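One chain, subunit A, appears in both complexes that follow, with subunit B as partner in the first and subunit C in the second.
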Partner chain A sequence: MATTTTSAAGSTETCDVLIYGTGLVESIVAAALAWQGTNVLHIDSNPYYGGSWAALNLDELKAWTDRVNEAASNNTPFSDAYLYISRNLDPRKYAIDLSPHILFTRSDLLNLLIKSRVSRYLEFKPLGSFHTFEQDSFEKVPGTKEDIFTSQTLTLLTKRSLMRFMKFVLDWEQNTTVWQEYKDEPISKFLEERFALDAPQIVELVHSIGLLPTPKAPTELALGAIKRYLTSMQVYGNFPAMYSMYGTGGELAQGFCRSAAVAGAVYRLGTKLIGFDETTSDAELDSGEKIKVTEKIISSEGVVAGDEEITRMVAVVEKDCKEWFAEGESAAVVVFPVDTLDGNRFAVQVLVMGSGSGQCPSGQAIWYLSTQESGEQGRKYLYVALEKLEETILRESTENFEFDVNEEEISYLPNGLPVISSVRLGESLRNFTPKESLKYLLKLTYSQKVTVRPIEPTADSKVICTIAPSIDLAFEGIVDQAKGLYELVTGTTDDFFEVDFEDEDDDATATAAAADTDIRDIAEDKEDDVMGHHSDFEEVAGEMTI
Partner chain B sequence: MHSVKRERTSAKVREEKRRREAVKIVEYKALVDKVLTSRKNHDYTPGALALTTTLLKQNPEYYTVWNYRREILSSIFQTQTADTIQSQIDNELQFLFARLIEFPKCYWIWNHRKWCLQSSPSPSWKFELALVTKMLDRDARNFHGWHYRRYVVQCTEKATGKSMVRHEFDYTTTKINANFSNFSAWHNRTKLIPRLLTEEPEIDARKLLGNEIYLITQAIYTDPDDQSVWLYHRWLVTSDDIVKLSSDERKDLLEKEIKSIQELLEVEPDSKWCLQSLVVYKGLVATLAGERVESSVHGYLDKLQEIDPMRKKRYEDWKTQF
Partner chain C sequence: MSSRKKTMLKVIILGDSGVGKTSLMQQYVSKKFSNQYKATIGADFLTKQDVRVDDRTVTMQLWDTAGQERFQSLGVAFYRGADCCVLVYDVNNAKSFEALDSWRDEFLIQASPRDPESFPFVVLGNKIDVEESKRVISQKRALAFCQAKGNIPYFETSAKEAINVDQAFEVIARNALIQEESEEYSSDFSDPINIHLDNERGGCEC
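So, the complex of A and B:
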């Protein structure tokens, strides 16, 4: 996506607010302030948008790796970057996400994207496939009433317990009596004692639905995390989350920057802020220019990055990995729970992006692995997880995979489909030895300082510092942080994105246009099986815009 | 312009909106007057048709205007060839689809669509089936959609001479798996199963009954608060539509189901539907055995009066019957 970069030379000698860094939070604040009428100058030391959230092509990624390793005192939250890139890759065909995040369909950030109309600059794809690694295979997480109803493995009583919990968690905030005494106790204890749930269900609820690093997570925090997934199901279809194409946080940041530019903010990339004089309010740029800042400087650099370090790995593989994706989708989340990788204390989360995400060419996929374990230990677990991923994808993508089954091991579903006892299936899979090996086109490991819980920004001086991306795999607390910063500048959040777009009457036209498309859809697949579902996301996205 | 803050617009925006709406209301009223006057004057020209189009786009609930629209179309069709009528109806169907997307639960739109197909020289039932499938994808519980689907299926069967029972039975399975809280889908199943058994004699009716009970038990345990699943369960265990059971067989079936529901009641002691079903099924068992109803039923009815006070008198009445 191209964003207009207006030259600031000469004309902009004064601004109300100077924002340094085009990370997601900074970009939202820039757009909010610009639409409110504040005169914003937004600069970034990098030649690209997104800061720690950016998605980089391979040339940019090489330069980034060098920069991260150059000096221990570098001002990024990143360190210890090791990069391997195989030869003959077209650098521009890749977008490697430095801090990949998913967007739940019921979240304040999505609401803001729609309200601000920044969603119109972006293309979203659904993410409905969440797996838990259990006994050497990937189990699809039962996240809805329908999954539970149709499950062939859950007993009747487990179905009941799971549903009871899911109903409770939808308004857990009101039902304090149920969880109050477990508030700071591990979520696993609460689920076991209060809802009689068994270990496999607890693991799925905690790790894959809640995306929590450990079942020891305090109950109060965990319930919020679990609810987030469950309320997001069925908002736009049979998936709880989405992501923007060509890069997750970085694209969002760029979208907000574009919106800010439309509202009059001035942009300058590849420009460093090298000094600020509190008494004269003069900001000095590395271009030699001096800018008078009348109100505040918001800076993402020179910040205490975060209190916790996570370890990341990115692997580009020569496999499309479609076995892991839901029909029509191009991404999946796989979680390795605690104690599944030679004694890992924290889960390893994997975001798998296929070529449909626009991040890599077709026939390939990107695996983004991360864990809260730091340093050497963290890298060790990521490599074990990588091995498991490799085994699994080789096994699942082998077409003529056969093994002997006895009649007794097959049971039949009510609709007549045969199913093989899963225990037996698990055994056979363990004995499977892949005939081929997996080709890695790129491997990158690095450490990243992250924020565990969002901190209230404070304005001790004219310079306000923002905080690093959070530890969560999903965007969390972003809008609150942006609002906090906005309030420090304007004194209120009442008019945060109170924008009158003056064309709300266009809605009817949009509906009519959607109906036209539908008619064409039906006309085109007239000959197809009429049972086929027409739940393509384009249609959903169309309904989403307001 | 620098440093001049944009003033807060909310109040101004609201006022502006109100003003725009007021204009719209006046325009709408004028349009209604015009349409009703044309009808009084028996104006059946294309111009009058266009007026109803504009009005129905704004308010599809105005059934008088739909009636007028049919009067106009009927009058126009009288002087036209089959081809022209067909193309006019195709336009009409397209117009109606756009209305349905916007107002999927408006009786008059569905009604008018039926009328169009009945007036059509060569209706495309295949297209209609795809359309109603799409509508039910958007909202699987829209009973207008299910009703229309049965109509389309009936017409398709008549046109092709081929039964669609298996196809439709499988369709309800798909819909139920996607969301079983669906009175319409379960209801359709009760209508389709007897036909399926007649058309496919190789199906073992007892086995099918067993499969259906397995399916509904999964649903009952998943969500015992959902009334639609209990209704289907009631049909399965009490009706002779699937297989005619002897009274001993019926009693065995009821007792087996009573046991399963009692197990559920242990974990869901406050489930109204559980308790109601137990009362009904135990009553039936007693009738079949020619015995008095078990005394436990009174306990269930006491509990029902407590958790469902709105129907207290009804449960009292049940008590007197036992």
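So, the complex of A and C:
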């Protein structure tokens, strides 16, 4: 194919590939093509990067809401946006993630971030707290063998079954005989019949470890999802996942775009593609310019290729929510399993981001709720979940309990100190209604079309359409999507990001050396964190029994 | 905390295409100049280690615009966490001088530093090696601009002849360090994860 690297930055009258939209997949493709030598023009109709993946400040969010609700011109996967913003917030202190995703430490996307060196532009923070909502409280998920060993709540028999399952799942692909007949059967059935696991363990494995929306998920898919979590533990520390600061997918997209720019791709935000003539190969921009596209147009705008609708809610609360985070961390995942919210058929997943994520000011947190249930029904479950979150955080963050107790329930120690019976105390905790109420600084609900499983991109015309972000809370299938698009343009994936960075001059070496010094510093810090971890839990537990 | 950790200063260099941003960086970091103009391809960021600022040693990370400035498409991530912003124009190009004000505004909007009044900028008038008759922006005019914008330090430089480059970056480093130290540091959270595991470098299946 025609590769004209020398003229790449000089002229925009011609390009090999025009990419419309700066979502994550498109941005990866842009960088891959640019490094391969393709002349790329990458444009976006928005004045910001990220498309459906963007993290927006409050001014941008208001404009986005208006755009989504203008039915006629809505070329996005979004609809039905309702936004409330309280007064006097500094718009630029927030980054509201339209499609928040977490990054498992063992994943093809993280490998690509490292290989492409895009990771150098980003700051990653750990995510080690995964909770399952059970009987009005949050249970921390046992994600390692050590957790299972030391658990106080699991019976010996359950421990043994869990251990047996964990051993199996780490190379389940090889042990086909164990699961083959359950391949398309619900994972819950498989776990129950093959490993004699009890309901609570199944719920945790499916919802909080596998991040699956329902225990009816097919076994083959579910085993992969469960393994993903378990193999990601202890790669960088006592956490299976992480996220980039200031926004998840949008920040990664910006990183890949910068990488593409370094390789010569031309960037134009706030530019619309208003027409394309297949016969002349002329693309028309809203600036009036005509661009000759010699190879392909890859577009994420204009066509919405999502096959299922999910419902999302974003709430910014005036609470730091540190009770839910591990020591030194600033994010958590909370899952409400099926049937815990007045008959919900799908889990409600919540990603909690504290101020350490760079997404909100200190003393606040952002709750990102989502469910596969659509429309009115979906919103209903999200509101029930929101209520439970509110009750839980108020209870857990309250230091002074005032109990409504009868005189006879109090006994006195020899030194005169009053003691309440522990049964009564537990009851009071459950019935506790905090005097304080939670202040919501922002509330947003919207619907979003997502892809359930990746679709093979097809190239019947010169214009290739990309798909909407996936339904998974983790970045799943992104790299494969990007590779598929890359192959449609170049005919192969053999040289996908096969970049020899070594031929950069000495400065690159200087940079690499600088990175090395950081490794040592951070390794030290990490040890501290792991130590701090356990003591924090004792503290939290202590606070609750006061 | 800061005594144990090495201080890393992020400096971003803004200005119209072709004013010499990349050349200034190259000259300062590698003492190299290439006469051959290529609109920035391949320039990412350069790291200069062991920079002495009084009794301190710092590392400077100089971020190039990578060509994304051409259509004002830098994106917020580029501006984030900058400790100093260098504004560059070409003394032989009036348009590049007139653009300084909008580059400064763009920086203040995108980076939204806590205290915009005190955030350190440095202005560089580059390409003073070109013959005097071609010069269109006088030193007086440039100084008036810098004074009006809150006494921004001003240097006239030549990346080609290595005139005033080190002097300018000395001030840039010093002001960036002052800025970095003025930002309150929250120790509630651990540092970002370094994702480069030693045994994994280069070896991945993507």
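Here are some notes:
Simple rule for what comes next: the second predicted complex is superposed on the first by the 461 of 546 C-alpha atoms of A that agree within 3 Å, B and C clash if a C-alpha of one lies under 4 Å from a C-alpha of the other, contacts with A are read in each partner's own complex, and residues count from 1 in each chain.
Here is the rule we go by: contacts are C-beta pairs under 8 Å (C-beta built on N, C-alpha and C of every residue); 3 or more make two chains touch, one makes a residue touch a chain.
None of the values given here were measured: they were computed from a predicted structure.
Once the two complexes are overlaid on the shared chain, A:Gln180 sits clear of subunit B and of subunit C alike. In the superposed three-chain model, the partner touching more residues of subunit A is C, compared with the other of subunit B and subunit C.
When both complexes are overlaid on chain A, the residue A:Ser461 reaches neither subunit B nor subunit C. Of the two partner chains placed by the overlay, neither subunit B nor subunit C lies in contact with A:Ser86.
After overlaying the two complexes on the shared chain, residue contacts for A:Gly255 are found with subunit C alone; subunit B is out of touch. In the superposed model, A:Ser362 makes contact with subunit C only, not with subunit B.
Within the superposed three-chain model, A:Gly37 lies in touch with subunit B and out of touch with subunit C [touch as defined at top]. In the superposition on chain A, contact of A:Pro126 is made with subunit C only, not with subunit B. Taken together, the two structures place residues 505, 511, 514-515, 518-519, 521-523, 525-526 of subunit A in contact with subunit B in one case and with subunit C in the other. Across the complex, subunit A is touched by residues 4-6, 8, 29-30, 38-49, 59, 61, 66-68, 70-73, 75-78, 80, 112, 186, 188-198, 200-202, 204-206 of subunit C. Those residues of subunit A lying in contact with subunit B across their complex are 14, 16, 35-39, 145-146, 148-150, 156-157, 159-161, 163, 238, 294, 414-415, 494-495, 498, 500, 505, 511-512, 514-516, 518-519, 521-523, 525-526, 530-531, 533-535.
Residues 2-6, 8-10, 13, 20, 94, 97-98, 101-102, 126-127, 129-131, 133-134, 137, 167, 170-171, 173-174, 177-181, 211-212, 214-215, 217-219, 221-224, 264, 267-268 of subunit B are the ones that touch subunit A when the two sit in their complex. For subunit A in complex with subunit C, the touching residues are 5, 8-10, 48-49, 92-93, 108, 110-115, 119, 121, 123-126, 235-237, 242, 245-246, 251, 254-255, 257-258, 261-264, 266-271, 328-330, 356, 362, 479, 496-497, 504-507, 510-511, 513-515, 517-519, 521-523, 525-526, 528-529.
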